[in-house]
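Two complexes are shown next, each including subunit A; its partner changes from subunit B in the first to subunit C in the second.
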Partner chain A sequence: MKKAMSRGDRLFEWTIDAFLVAVLVVTLIPMWYVVMVSLLPFGKSPSLFIPPWEWSFEAYAQLVFQPTIWRAALNSIVLTFGGVAISLTLTVMAAYPLSRRGLPGRNFIVGLILFTFLFNAGLIPTFLVVKDLGLLNTYWSILLNGAVSVYNLLVMKTFFQSLPESLEEAARIDGANDWQVLWHVVLPLSRPILLTIGLFYGVANWNNFFEPILFLSDRSLMPLPVVLRDILTGLNVAEYVEGGAAQAAPAEALKMAAVVLITLPMLLVYPWIQRYFTKGVLIGSVKE
Partner chain B sequence: MSFAPAPQPNRRLKRLAQSVWQHRMLYLMLLPGLAYFIIFRYWPLWNAQIAFRDFQPTLGVWGSPWVGFQHFQEFFGSYYFSQLLVNTLVISLGKIVLGIPPAILLAVALHETSRRFLSRIVQTLSYLPHFLSWVIVYGILLAMLSPSEGLINAGLRAIGLEPVPFLTSTATFQPVVVLSEVWKETGWSAILFLAALLSINPALYEAAAIDGASRWQQIRHISLPGMMDVLVLVVLLKLGSILDAGFHQIFVLYSLPVYSVGDIIDTWVYRQGIQNFQFSLATAVGLFKGLIGLVLIVVANRLARRFVGTGLY
Partner chain C sequence: MRKSFRLLFSLALSSGLAASWALAQVSLTDLSVALYAANPEAPAPPANWDVYRIVREKLGINLKFTMLPTGADGDNRLGALAAANDLPDLFEVRSLALFDRLVQQGQLAPVNSLLPQMPGRANDRYNDAKRNLLVTNNGQIYGFLEPVTLSRQYGIWVRKDWLDKLGLKTPTTLEEFFEVAKAFTERDPDGNGRNDTFGFGGVIDFDTAGILPGLGLGNHFQWVYGAYGVAGTWNYNPRAFAANLREANFRKATEYIRRLVEAKVIDPDWATMRRADLRTRWQQGRYGMFFESVGGLQAGLQNFHANNPNAELLLLPPPKGPEGKSSMGTYSSAGWLYAVSKRAIDSGKGAAIARFLEWAHRGEGYFLLGWGRYRTDYTLPNNVPTINTQVPINVRGSYTQMRWLAFNGNPLEMRGRYPEINVGGRKYVMHQLMAQAQRQGNWIDRTGDLVVKAASNQADLERYVSENLVQFVLGQRPINDANWSQFLSGLRNVRFEQYEAAAEKALKDSGYLR
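Moving on to the complex of A and B:
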């Protein structure tokens, strides 16, 4: 139903579209430039456009054959998926009971949990707990310390509350206990929220660099973001380049190739992430 | 008027005990999560008492001697107290003031454009940076800002200006922190505003158009008021957490030359506590931040309930 547009309206549409294109350019140029620098051959200075026939994949070749990178990738995978498994299990097992209206003490427990969301004892007291538990320099420090997010727990609880109670009652009449109701009735209905919350946890784990730095001391345990940080700050570029001085790629190309390589897995799952995250944000915003 | 006796306390207790027993499976299910909160969230609260002690790792939390408010006094009396507070507030406020308008603009533009494809592609790509680790964004910033090969410095050189070491100069570090946050989060923050716009009844726009309102006027009188509640909520939430200026971001981006402008409460606590082993002093500062933060978020929530009718939590 396109109506004839006045000149003012046409100007309006132009301005809006120009703004959107500007947003697109500002978002993309830095990423594009990173890719260009990563393909930089020796003796060239970086620019926004390097013609394809000058591209050098040396930097990628250097990185891909570094065992350090592969070990870090494996570490990242363990931390990401192990973390999601632990976090989802704990979150579901806490959110479901707290979504039952008849549970005595429910409000008190929710209050207890909410309080930890509002008041944080701080970094050092938490560090001491991990230290006293003997978890320093083990993955358990990271996997357990960040296991449950209050926000995710409350979103999940709200979702469980919104499920029709009649289904559960029917299962209960058939003699199902709470675990069976959760497993056979509630969880199959909760696929979207499980995916959303699982992705929330997964992305946070994949990007996590601070807790590994805080809790781990063994370099061989470090995940990808920490290794990338080392490469970027030039702490030990030599470690990632065979032969040290005899580099086959400019240092900046090496750094940016590392950025690209480590962003790649995120880009591959991004279509799913985007779909479920946007849903998750909206679920979260209409809670209560 | 019935003469039913008031339920005896012990009968009520009995009924409660019965109900608790009935729900025993659910409590069992709740146990691991509860254990998590007690161990990793309440135990630290107990440990926080070392703010009032002189903590020695060999003596433990309970065995270290009490020193009262000594660490707090040391912190409040030091030169870095005002510096940390100012840096934290300036960076936080900068992010609020420069972050929200672009998000609103983007939401309005996405809502108004008649080009579906453009809208889809802008949404998809502008959300992307939100999912990138700050370490990756640091890499992107190096590519843009480094004095030797940075794109922006290449531009400066091309027009005959001196290159600027953006990440290591005290004059530019705070703007870099604020603007990189805006670059990373604008698309994502626009989602909430866009949702508010989509919930506006389209009949309002049609009626306005029939009455001769231009598109600009429709934005002013329909779209902007329609986003007011969300805006108030977002601003209050951000003001409530104003002491969180972005620890992970600054942790990655800052370096010794810019400590004077980049150091915020959280980064200072990390350095003093973890790197310099000043456990008690760092805990005191963290506790100070936590308490102010608690007051701010509770007040923000009250205000939100009062003015928007819905709280933050």
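Moving on to the complex of A and C:
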């Protein structure tokens, strides 16, 4: 039988609820503001509420009808999916053996990997490596450079370690080799961590801005964040505006519409993997 | 016999063609050029761009053009390329600090020897010895520093329809400006029965698009300091060089701005607003006078007249101060900067670079790079290049991504770039307004400011001055002898004297201060 809550407990719950609602509001207000300003018509000041009958989609139209944006979106999709595939494969391939206690020199290898986490090579050496490998101005310079995140690798390793060893032993008794254990036993049980780490990689690749700028010179290879920034730069430099190039939407609306466009795909993906996400990010946080 | 002859003839013909093709290949010079995109919103030129073919056929150059990322990212990319000893042959540099670093690292080649190889361009663009001082090291010129064409396009715009309605004259002095601003604020010039207008709109803005904002409140208030003879950061007095903020008149100018704020004739949000907000508000018709560039005005005119159908704008000369001085502010005559990598010169590409730059300077090259495809992107009625606005900027922009290499600010060009436009039943001749803003602003050339290296604590130093002036102007600290002395003595804490001394030395060494 459920025990009735005392007055103090109820008060405590209400306080927690009120606090969470306040956090939610504080989180939502900036997002709401961004959406509202993106719908800002000319002649209106940015504000938290613009009545629906005054909404203007001119900023979105101006961005979406840019000839470069669709090519850039395709580039971003290729880089995101390609990046997730490569990064997840490499991370799993590194995390699984490192999670096995019997691996000789395991601690030394983990130490080496951790070293790169604490001290990275820096911009110029990385550039030189990418150049010497002949990867400049190719997707590979983005996909391979930093393909494995040490943080994600360690989280995944911890997850693999938490799987019951008896499952692996059972598979081995049935004659499974390392690859079969990984493919048929470990990975099917690892969906939460795969989706979580995949999301981490996906978001990082989708938002990747600096590496394309550094490694790519062919404009047709540039991803969405770079192209959106360039479009905004072009539209905002009013000092250099030329004849007949008057803006069709306020500069602020254009900026915010760009923010919405770049955020939307990730916002749409998130609900589908949310239930795995919570489980995945908690890996390694509790030792029982 | 006939068969053999045919065979021989064919062989001779094909070997002749092959030889000429091979010769053409041998004599072609590969030239990599990297510039900041002139139209960032447009794609790169297509592979079949006429320019590539013409440059190959007529100049013997195999041109490879890449666009640098905008802003500081472009500097980062150039820095990385320099570290990899992979700088393009000819490239644009927007940061003088990066340029200096590349010179010190030996990555750039002196361009003195190239100047005689492009006489037209060198004579028209690079013959200003004073400007060249900015890119000179040990007597060698290390870059092609273009003259600036669009600077000084800023000014104060006044609502003539409001002046007429209230029976006021165009203000010519600071006192008249104050009175007009007060009337615009208090006498309901838009006649809507609400107290929703302000005399002046300006923000704290340090954008350096063609003008130099100086220390303090930024370029939107330089005209006040100009009226007191203290516009800009330095006084350029060879006998008593100092920062202008040490002058007694600097305090008087600050007191005048305080008066404007106290009388509530400036938009009360001015201290926290950004330029985009200012633009929104003048377009809404909230200001009787506002600070804006000609380009910024052109971009907003359509919206402005939609909101204010009967409005009429005038460009105000900078108001005169008590001693009759006036200036809209300070500017630099230095425009785009192009550098040549040492690698390019070492591999014998100097002549090709000179050939290409000369070609881009006038005639066919100028029009192709500056204006795009004839009869598609532009036409030439009465020799004035006229943009075809039916082709969207993001399409025609691809063909003019290198236009800054071509544009030189000649009168016909300015007429083409800033044409007459009709908005809201009013005619605006934009190139005339541009010329008017440059001519009547009494702008002060302070190109020398660019040789002054940023102090190691530059951000702290600028913040100190700016924050103190904002506090004075907002009334958070009364402007009196004690507070002003405290402000000046506090400069010591941010090592301002060292900055001043370094500036004086740099200006004297470079010849800007004599």
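Just so it is clear, the second predicted complex is superposed on the first by the 226 of 288 C-alpha atoms of A that agree within 3 Å, B and C clash if a C-alpha of one lies under 4 Å from a C-alpha of the other, contacts with A are read in each partner's own complex, and residues count from 1 in each chain.
By our rule, contacts are C-beta pairs under 8 Å (C-beta built on N, C-alpha and C of every residue); 3 or more make two chains touch, one makes a residue touch a chain.
These numbers come from a predicted model, not from an experiment.
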Partner chain in contact with A:162 - subunit B first, subunit C second, else both or neither: neither
Subunit B versus subunit C as contact partner of A:266, first or second or both or neither: first
Partner chain(s) touched by A:214 [first = subunit B, second = subunit C, both, neither]: both
Touching partner for A:68 - first (subunit B), second (subunit C), both, neither: second
Contacts of A:229 with subunit B and subunit C, given as first, second, both or neither: both
Touching partner for A:100 - first (subunit B), second (subunit C), both, neither: first
Partner touching more residues of subunit A, whether subunit B or subunit C: B
Subunit A residues contacted in one complex by subunit B, in the other by subunit C: 45-46, 123-124, 127-128, 210, 214, 226, 229, 252
Contact set on subunit B toward subunit A in their complex: 16, 19-20, 23, 25-27, 29-30, 32-34, 36-37, 39-48, 50, 61, 105-106, 109-110, 112-115, 118-119, 121-122, 124-129, 131-136, 138-144, 146, 148-149, 151, 154, 183, 186-187, 191-192, 195, 214-216, 247-248, 251-252, 266, 269-270, 273-274, 279, 282-283, 286-287, 289-291, 293-294, 297-298, 310-311, 313
Residues of subunit A touching subunit C in the complex: 42-46, 66-68, 71, 123-124, 127-128, 131, 210, 213-214, 217-220, 226, 229-231, 233-247, 250-252
List of subunit A residues in touch with subunit B within their complex: 6, 8-9, 12-13, 16-17, 19-21, 23-24, 26-31, 33-34, 37, 45-48, 89-91, 93-94, 96-98, 100, 102-105, 109, 112-114, 116-129, 133, 144-145, 147-148, 153-154, 177-179, 182, 203, 206-210, 214, 225-226, 228-229, 232, 252, 255-256, 258-259, 262-263, 266, 270, 273-274, 277-278, 281-282, 285, 288
Of all residues in subunit C, those that touch subunit A in their complex: 34, 37, 39-44, 66-67, 69-71, 73, 76-77, 79-80, 83-84, 86, 150, 153, 207, 209-210, 276-277, 279-281, 283-284, 293, 295-296, 298-303, 306-307, 387, 389, 393-395, 397, 416-419, 421, 430
